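Chain IDs A, B, C and D follow the sequence of writing; residue 1 opens each chain.
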Amino acid sequence: MILETTEQALQALLAGPMPASAADQADVRANGVMITDYKSHGYHLDAKVSAEQLVAAVTIVDENGFFLESITGVDWIKENQLEVIYDFSRYDFDTCRVVIRTRIPREQPVVPTITAIYAGANWHERETHDFFGIKFAGHPHLVPLLLPEDADFHPLLKDFKA
Amino acid sequence: MSAPIQLRPDETFILNVGPQHPATHGVLRVKMEMDGEYIVKAETVLGYVHRMHEKMGENRTYAQYLPNLSRLDYLGALGYTHGHVLSIERAAGIEVPERAEYIRAITVELNRVASHLFWFGAFVMDLGGFSPLMYAIQDREHILDILEGVTGSRLTYCYYRFGGLYNDVDDEFIEATKRFIPNMRKSLKKYAALVTGNIIFHKRLEGIAPVSAETCRKYGATGPVARGSGINFDVRKNEPYSVYSDFDFDVPVYQEGDSLARYKVRMDEIEQSLRIIEQGLAKLPAGPIMTEKKPKNIKLPVGDFYQAVETARGSFGIRIVSDGDKNAYRLKLRSPTYSNMHLFDETCEGMLIMDALAFMGSLDLVIPEMDR
Amino acid sequence: MGGYFSDIFYGGKSLLVGLSITFREFFKPTVTVQYPYQTIKMSARFRGHIELLADDTGSPKCVACGMCQRACPSSCISLDSVSVDIEVDGKVKKKKVLSRYDLNFTTCSLCGQCVENCNFGAIDFSKEYNLASTRKEDFHFDLLDRLKRLEEKKA
Amino acid sequence: MSLTLLNVIVAVVIAIAFAAANAAYLVWAERRGAARIQRRPGPNINGPFGLLQPPIDGIKLMTKQLMIPGGADKILFMVAPVLAMAPAIMSFVTIPFSENIVARNMDIGVLMIFAFASMGAMAILLAGWGSRNKYSVMASVRAVSQNVSYEIPMLITAITVIMVNGSMDLKAINLAQAGGFWHWNIFPSLQSPLMPVSFIIFFICSLAETNRAPFDLGEAESELVAGFHTEYGSMGFGLFFMAEYANIVIGASLTTLLFLGGWGCPFGLFPGVWWFLLKIYLLIATFIWIRWTFPRTTIYGLLNLSWKILIPISLFNLLLTAGFMKVF
């Protein structure tokens, strides 16, 4: 139920064609919304958006009553890109897990913050900043959270050497 | 030489609660801006036990990563390892024998009871009552004995394997668990009379730190914290995994959202876990505890995989991004207390420090699990 | 006003109930074990540090294949082997023999992957738990030496 | 003259020794009692039943270095523990253990004990302020507001007793209660029908005045680390510790003297010091029992209890007693 509503809303935002299958996931795929096989992947809806569309996409998810599960990053060093992944889920029995992801160039890792929509994104974004060096534009307090206060390294980058 | 403390009457001061403080149960630091005993602003500082488990997940094979999971939350370790094995089994498409899943459910629930018991004791000790901690530890000790008899360790279990279990349970385990359940029920009655019914305890928690359902949603709070705020959310019911759909149990939900509601949720959950254990023992099927083709050198297909489980503290999620290798390309651990604790900064503003610390206790923090 | 007095009444009653519970607990026997003087029986599946097992002749069962070393998440096992010539049915054959088996117990997380991965049943958990020391070096075990001493004790 | 002086000195020394011995062995009793409630053995290694534990702890505390935190007010920091212990010992001087065993009986014994008891609050305030520790300051302010608000109902109930017995002399109060237990002040009489309630109020107040659980807000260890004595180590801490137990003994003695007939036997037989000791140790056991049963109250819960429940009831009781005394 909620799956279709959210999907349509996100589709409308992206207004692009839907990728045919999930087979080419590891390759850089075009922005779009895709229904994934819950049984094997553990989530229902996978939306890839551009960094500019991120806030709008998260707003849609917020309006549909999702809660923020986590925010994390992935370093795709081969493609010279960083990916930010937002996980959302629901409290009611209309189970639907939504993943919103966006890719940004490694040289200029900036995405807009979503703390204005989800206050709980604060720590998650700080943590992602710690680990990947991704800057969240507009974040109120982007200082290291889990790493020491003076940390200037980003341990989860693939080219990080201890 | 003594320098006078120079404070204007309207001035606030900074109080560092932690990193070493009896109420933080570990190395957590909360920087509180205080106006007398009232908190004006609080900022939680994390990372004192940060060990970068996620990087270790990238360097180790999936099997080698197993012991790491039990080091996240040392009180309810089995729930976390359960999440890990389930995520790998989901991604690699491994079928688990029913007996193994039943034993997993029984041991996870035993571990949940142990975790809640320890929380109960520590929470009452936060409020100044010491004896309930000792009674709770006595009961918890029985669970640890039972679990040690089957897993070989008392806290940092490494019992589940991809596709099954490390070893089978014996009759001794079943007998001991059956003996334990009625004793635990008796103890629950004792706790209800000694602590839950106590007027001092009630006055300390009733109406303290109400957390609204909307706040829970914005912060992503799960587990007893969300259920104390009237949210009927339990991964075991909402997204049934393992064999939880076979069991008949209730999800305790309280609408008040205060510290007392969170307390009551956990105490009711102990009873529900006992029900699950009882049913699990009654239904425990015979058969193998390991899949026929014992998987070695697991490689996951390319893609993203997510698995959530309900641990004692809330919804624990594990996200694996695989590039087809035998270790993960990226492994993200979504720890429940991380989101639950995030509520604290906002909620405790304007509260008295003693209420704020009671509230912190009611969140059931395990610091290594937050810091990962 | 009625609430005021009923509050006092039920509050006082709850306090008396609490007192009666601790009073009863006072007369129950103690449940603790006086540790250095008393010990409890270890469970059969207790996982201590690993140890080498010997075959009938008293030499280690281990064939130095290194499976345990590779399975270990925290790489705390290191072993060496030498090849020696032995005579089997009049023919001289080369055979790998374990020459060193070190366990760095400071990094071991007692997960049991090594025991599980051993195809020869050559290692098992010991039941030792009284391991305490102020020096780090005391936890670098030479398991081959340990086995030798255990065998000598047996003999 | 000189003989009287000698008498007084000997009596005072005995009072000090009694206070110190009590403090030391009540710690032992508390630890053993708490352990039994929690189904553990408690200290049992040193000597039979762990009886050598208190002297060993004392030696440990005395051999430790006395540390003064940087920036602390040295004089206040040093004075506070002494100021905590001294009034506690002084109060023993006027407590009659039996008709003849009393260091110095006074006409205004009750008043004197209350006067000295109030000084304990000052010691806590000085300790907290002198330590220059935020936790200590918060704890000491709490403790003082607590002591001030509980002194009021305590004194009002004491006044009720004084009115009934017509004297402030502790000995006289006890002689008025001589005979069987029905003569004791705790039981309702025609003069004061609400005496049992007074007794409960007085008991609660003495718990609060001695900063015992569930009213131990001054040293709420889960919130304020160790409260006003956070910065104290060595014998400075030891003195605070001893003062706490000495105060408990005084609280129990006063309750016994005012309500439970002092050294009188319940059945009017063999009055003497043994009855007095039995009564105060029973009361102290109750103190310990209560401490290991209940969680701590909040500061506002504590003040509410005093101002909204204890003070109105004790005032009503005072009025009622005055009325009954006039009528009958």
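Just so it is clear, contacts are C-beta pairs under 8 Å (C-beta built on N, C-alpha and C of every residue); 3 or more make two chains touch, one makes a residue touch a chain.
Note that the structure is a prediction, hence the values are computed from the model and not measured.
Between C-D and A-B, more C-beta contact pairs join the chains of A-B.
Averaged C-alpha coordinates put the centre of chain C at 52 Å from the centre of chain D.
Averaging Cα coordinates per chain places chain B and chain C 26 Å apart. Averaged C-alpha coordinates put the centre of chain A at 63 Å from the centre of chain D.
Touching two or more other chains at once are residues 15, 18, 21-22, 25, 31 of chain C.
Multi-chain contact residues of chain B (touching two or more other chains): 131, 135, 138, 194-195, 198, 200.
Residue numbers of chain D whose C-beta contacts span two or more other chains: 37-40, 292-294. Taken as a graph of touching chains, this assembly has some other topology, since it is neither a line, a ring, a star nor fully connected. Under the contact rule defined at the top, the touching pairs of chains are A-B, B-C, B-D, C-D.
Listed in rising order, the residues of chain B touching chain C in the complex are 60, 63-68, 71, 131, 135, 138, 145, 148-153, 156, 158, 161, 166-167, 190, 193-195, 197-200. Chain contact summary for the complex, chain B toward chain A: residues 46-47, 50, 52, 54-55, 58, 87, 90-91, 93, 216-221, 226, 231-233, 237-239, 302-308, 315, 317, 319, 321, 323-324, 329-330, 332, 334, 338-339, 342-343, 346, 371-372. Put simply, chain A touches chain B in their complex at residues 22, 25-26, 39-43, 46, 65-70, 72, 74-75, 85, 87, 89-93, 95, 97, 99, 118-120, 122-123, 131, 144-148, 155-156. In the complex of the two chains, the chain D residues touching chain B come out as 34, 37-40, 71-74, 132, 134-135, 138, 142, 213-214, 216, 220-223, 225, 292-301. Residues 7, 10-12, 14-15, 17-18, 21-22, 25, 31, 43-47, 71-74, 109-113, 116, 125 of chain C are the ones that touch chain B when the two sit in their complex.
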